[in-house]
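Below, chain A partners chain B and then partners chain C, in two separate complexes.
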Partner chain A sequence: MFRVDLHPTHVCDCGKFRLRVGKPLPFGASIVPGGVNFSVYSSFATSCKLALFNKHEPKPFCVIPFKDEFRIGNVFTMVVFDLDYDNLEYGFYMDGPFNEREGQRFDKTKILMDPYAKAIGGRDVWGQAPDWDNIYQHRARICFDDFDWENDHPQETPVEDLIIYETHVRGFTKHPSSGVKHPGTFSGIREKIEYLKELGVNCVELMPIHEFDEFENSRPSPTTGKMLMNYWGYSNVGFFAPKAGYAATGKFGMQADECKTLIRELHKNGIEVILDVVFNHTAEGDQRGPYISYRGIDNKTYYLLTPDGYYYNFSGCGNTLNCNNPIVRNMILDCLRYWVADYHIDGFRFDLASILGRDMNGAPMHSPPLLETLAFDPILGKCKLIAEAWDAGGLYQVGCFPAWGRWAEWNGKYRDDLRKFLKGEPGMLGAMAQRLQGSPDLYAREGRGATASVNFITAHDGFTLKDMVSYNGKHNEANGENNSDGGNDNYSWNCGWEGESTDPEVNRLRVKQMKNAVAMLLVSQGTPMILSGDEMANTQWGNNNAYCQDNEISWLDWSLLEKNRELFNFFRKMIAFRRKHAVLRSRGHFQNRDYMGSGFADITWHGQKAWNADWSDESLCLAFVLCGRHAKGGTVDDNSVYVAMNMDWLMHGFQLPKLPDYMEWCVFANTDAAAGQDIWEPGQEVNLDNQEEFLVGARSVVILMGRDKPKNEVKSKKKSLK
Partner chain B sequence: MESKYAVSCNNEMVKVELCGRLDATNTEGLQIELKKFAGQKIAKLIFFAKDLEYISSAGLRVIIFTKQKIGVDAEIFLIAAQPAILSVIKMSGLDNFMTIQESYSE
Partner chain C sequence: MEIKTSTQNGATIIELSGSLDGNTVNEAQEKILPLLSANNFSLVLDLKSCGYISSAGLRLLLMAAKQLSTQGGVLLLSGLSAEIKDVMEMTGFDNFFKTFDNVAQALKAIGKE
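And then the complex of A and B:
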């Protein structure tokens, strides 16, 4: 079709390019027939110029002012024809008032990156030192948004059926032991898809993949001499662009294609993709920070400012994005819609999400417009929305994050309570009972259900699982902050020796503790999340805040897989067991009653005596039965599952609840048993001779499954508990 | 090396000789030439890339476009591409529909 509104009407002053007024939507740079449509908004800029660069060149080859007739409302927009957009980088000069008290910080000498840039150059290859004298460090590029998704479609896996695997794109395969062709990249993850399938996870949560500057705050470690980088990436340069340095093709500008290919392949293999997104602050820091984009384009709009015009710092990183400003809210919505529509992303985990509920003065809101908008947006309608429901400004909203029935939360209380129970702290049974059921004490009100709870024991913040059982205290000296950084409330226990040990008893206990942890995690209602590498006992040598360690501290050591095959097998089979048994994956909370007429309530609690849990503070033993007839609210018929947890130093006998005569308990897992006997393939659970009592070893978890006896042993057909 | 391409068709086979660079500056012309074969019975599309020094995102898209327009049943070949070109194609994941070979004989 030939359009009548795409012919040039002007020529730029240098005579090189033909122009016409553009369309304000979409924002950013879009390829149109014959040219590129540029659109950028600013509430307070008085003028704007487009700076055009050839890739990598230090100075623009052309600067084109937006004419008065190229402005619609507060949007500057024009089409520039005849551009070699393959080879193009662009930015904006914005002029306007500079008045710090008023929050205006325009500087017409700065070249500013397009907030809607879909591809960003300047850090094309991870760790390649940039030209620090370059006047335009992070450069917007044109991105092809077409991609052959073949038959890809959203997975829409029910959230209760997810098993989330949190990983860092670079750290997952950067170590030489990974054996991949393109270590530390999207392509590298592709080569490990078979591994992920073998493990059995069906969702990867990628730590920030938006463009960020790995050199931000880089400095040599005073203890190791290694260069400390902005490794984790919780510092946004561009919200819409995948990090070029995470792509093997980053130097060719094909990071978008490579990222999309990864997502397509993950989807083909039944694995969803959740992105960790960071809308709480930007990489511009406070007033001492650089001009990258937002500060120079519209400081007063983008940032939460004090009455004096300084930057509120609820993020702990220098500034706070003004998320509930209507313009910024729209940008965040546009961004998330873009990732869903163009990258087929299945969900988002929002870093320091409580900031997203603060108003323009920084005060928490009861009903934040941004969070409501995201909860009801049609394009995001099937996405997982997960909040890290706290911030660095004192808000802690676990259990009370504004949800509208859509938002889930990283359940920090689950992490803390499970760790305390695991290390044998007294008085934890009441809390454990809540956590195992999907935390109804936190989420039952307003019908949020067990799916509101993302259960985790470890995450990128804090110890790895191996370190959680190997260190009492953090060891972050390599971070160069005198070990003052990183959390102190680790609720960890070193099993008798701090750090690496050659004592076989200590090491055996550590392995058992790790098995205990993952066993409890995967029999809990709610959505489990596993930290990448825990399945092979990855260690950071006690560093619980490895945000700046771009080296062996953070990189997953794949040689641990063979060394810790026993643990990996335990993880794999536990995951398979969870995926096989719907009774472990309820959407709603238990009703604690028998609504299916099976003779047993959906969940029952036991202790060393069946039907009688000892809830006293001194007790370290707890068991429960999930009735299979009540699986998924009674809509699915499943086996019943019995779980016994003994966090005492002593072995204890647990009396087993009696099953009907035609049924029997069989053993799925026993963390006290030796390797090879500790866990079985789901479906191949082993017979249990003694149906009356099970001796649960010290510091052990036992999981039994109820099944029908072989037909020749059935004495009664009466079904009560299935 | 001068950037150019040559397109020919014989016996349900389209041959494209690529030379120099294939990027946004010349893909439009190539696309127009290849579009002429849409709707015709084409069994094979062969891109000879021995002299291709650089391929951009736009260049790769012409090859994908050709596959989509000329028919899902046509076989696409990429012949004698230099290692740097092959690397880009494989890393970006845009290679899943083509057969990559060192040489081609009929």
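And then the complex of A and C:
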């Protein structure tokens, strides 16, 4: 069809390109018949020019001012015809006031990246040193948006059924032991899909994949001499573009296709994708930082500024994005909608999400418009929204993050309480009872339910599981900050020796403690999250803040998989057990009553004596039964599950609650037992001779499952009763 | 870029030499599209002398394959370099094509040897 509004009306000064007024929406650069529609907004710019580059070239081949008639409101928009957009990079020059006290920082000499850039060049291959003399470092590109999804659709797995696996695109396969063809890339993960399936997780949560600069604040380590990089990437250059350096095809500018292919293949295998997104700050830092985009386009709009025009720093990274400014709010919404619609992303985890609830002066708001908008947005309507419910400015909102029934939270209290209990701290049983039930003390209000709690013991931030049982304190010397960085409240215990040990007793206890931890995690109500590598006892040698370590400290060493096959098997079977038993995956909280007439309430508490848990401060023993008849609120008939936890250094007998006559307890897991006897395939649980009492070893977890007795046995018992 | 067309046992063979990128994709499109609508149910695209295919180039190939398949035809690719093959695999384009080491194998596969 011929459209009259695709007819050029102007020619640029050099005569090479034909132009016409563009459409203000969508923002960014969009391919239209015959050309590219550019659209960028600035509340305060007085003029704007479009700079066009051939890929990688330091100087633009053409600079085209937006004519007055190409400005609509505060939006500059124009169509440029006849571009070879496969080989194109573009940026903007913006002129406007410079007055620091007023928060205005325009500099017409800077070339600025499009905040809506869908692909960004300049760091095409990870770690390849850039040309620092190039005045345009992070270069907007045109992105094809016609990926063939082959009927793919976001998974929409019920949140209570998720088992999240948190990983880092580069760290997952960069180590030579990964054996993949393209280590450290989206394609590398794709080659490990079979592994993820074997483990049994059904969701991967990727640490930031938006374009960032790995060279930001790069420097040699004072202890190792190795280059320290911005490895984790919690510092966005652009919000709409996948990191080119994470794609083996980034050097060809095909990172979007490679990323989408990974997502499509994960979906084909039943695995969801959650992105860790960082909307709390950008890579521009404070007033000493570079002009990448936002500072030079609309500083006063994008950033939270003090009354005298400096940057508030609630992120701990120099600046704070002005999330509840209506313009920035719209950008965040546009961004998330884009990732859902164009990348089929299943959910988001928001880094330092409490910042998203601060007003334009930095004060926490009661009903933050941004969070409300995201909760009710139709395009995001089925995707998971998970908040890291605190920020670096002291706001801690675990249990009270504004949720509208949609937001889940990283439950930091779960992590801390479980770690304390695990190391044998007294007085933890009350808290543990809450954590095991999906933290009703935090999430029962407003009916948020157990799934508001994302349960985790370890995450990228902090010790790995192996290190949690191997170090009492952090060892971050390699980060070059005199071990002052990283958290101090680790609640870890080294099992008797600090660091790597050759003592078989110490190592045996460590393995058991790791099994205890994952056993408790996977029988807890709420959504469990596992840190990638914990299943093979990956270590960072005590570094609990490896944000800058692009080396063996962070990279997953796959040779550990064979060495620690026993632990991997334990993880795998625990995950399978959770996936098999709906009783472990309630959406709502328990009612603490028997509403199914089964003789058991939905959850009942026990201890060394059945029906009589010892809640005293000195007690380190707790057991509970989840009644299978009450699974998923009584809508599913499942087996009952009994869990006994003994965190004492002595063995204790646990009296077992009696099941109805036609049922018996059988053993699924016992972390005190030797390898091979410690856990069974779900469905192949072993008989238990003594149905009265179970001797639970020191610092051990036992999981029993209730099942029907073989029919002959029941009949003969009934006869004998007669 | 150079495009040569020939027929062999009733199959059309298009040989692309040089780079298929933003600079050349329009020209290639103009030459290839008419061939897709002239009852060429078996079309072999020989890329043995093609050193580079950009994102736009891969999209042209995909579009051609889809257009041909709606008419019941099939687009066969032959002579891909290892690197191009690898890129196609990583970016998900490989799902849509049958690829062969050379033209003879492609023709054999469709019974036109």
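Everything below uses one rule, namely that the second predicted complex is superposed on the first by the 714 of 722 C-alpha atoms of A that agree within 3 Å, B and C clash if a C-alpha of one lies under 4 Å from a C-alpha of the other, contacts with A are read in each partner's own complex, and residues count from 1 in each chain.
As a convention for this text, contacts are C-beta pairs under 8 Å (C-beta built on N, C-alpha and C of every residue); 3 or more make two chains touch, one makes a residue touch a chain.
As the structure is a prediction and not an experimental result, all values here were calculated from the model.
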(request) Answer with clash or fit: chain B and chain C placed together on chain A by superposition. (result) clash
(request) Examine A:E258 and indicate which partner it touches, taking first as chain B and second as chain C; both and neither are also allowed. (result) both
(message) Which partner chains sit in contact with A:D308 here, chain B, chain C, both or neither? Use first/second/both/neither.
(response) neither
(message) Going by the contact definition given at the top, which residues of chain A touch chain B in one complex and chain C in the other?
(response) 84-87, 144, 146, 148, 182, 187, 190, 247-249, 252-254, 257-258, 260-261, 264
(request) Sort out for me which residues of chain B touch chain A in the complex. (result) 23-25, 56-58, 60-61, 64, 68, 88, 91-94, 97
(message) Under the stated contact criterion, what part of chain C meets chain A in this complex?
(response) 21-23, 25, 54-57, 59, 62, 86-87, 90-93, 95-96
(message) Using the touch definition from the top, list the residues of chain A that touch chain C in their complex.
(response) 84-88, 144, 146-148, 150, 181-182, 186-187, 190, 247-249, 252-254, 257-258, 260-261, 264
(message) Residue numbers of chain A touching chain B in their complex, please.
(response) 84-87, 144, 146, 148, 182, 185, 187, 190, 247-249, 252-254, 257-258, 260-262, 264-265
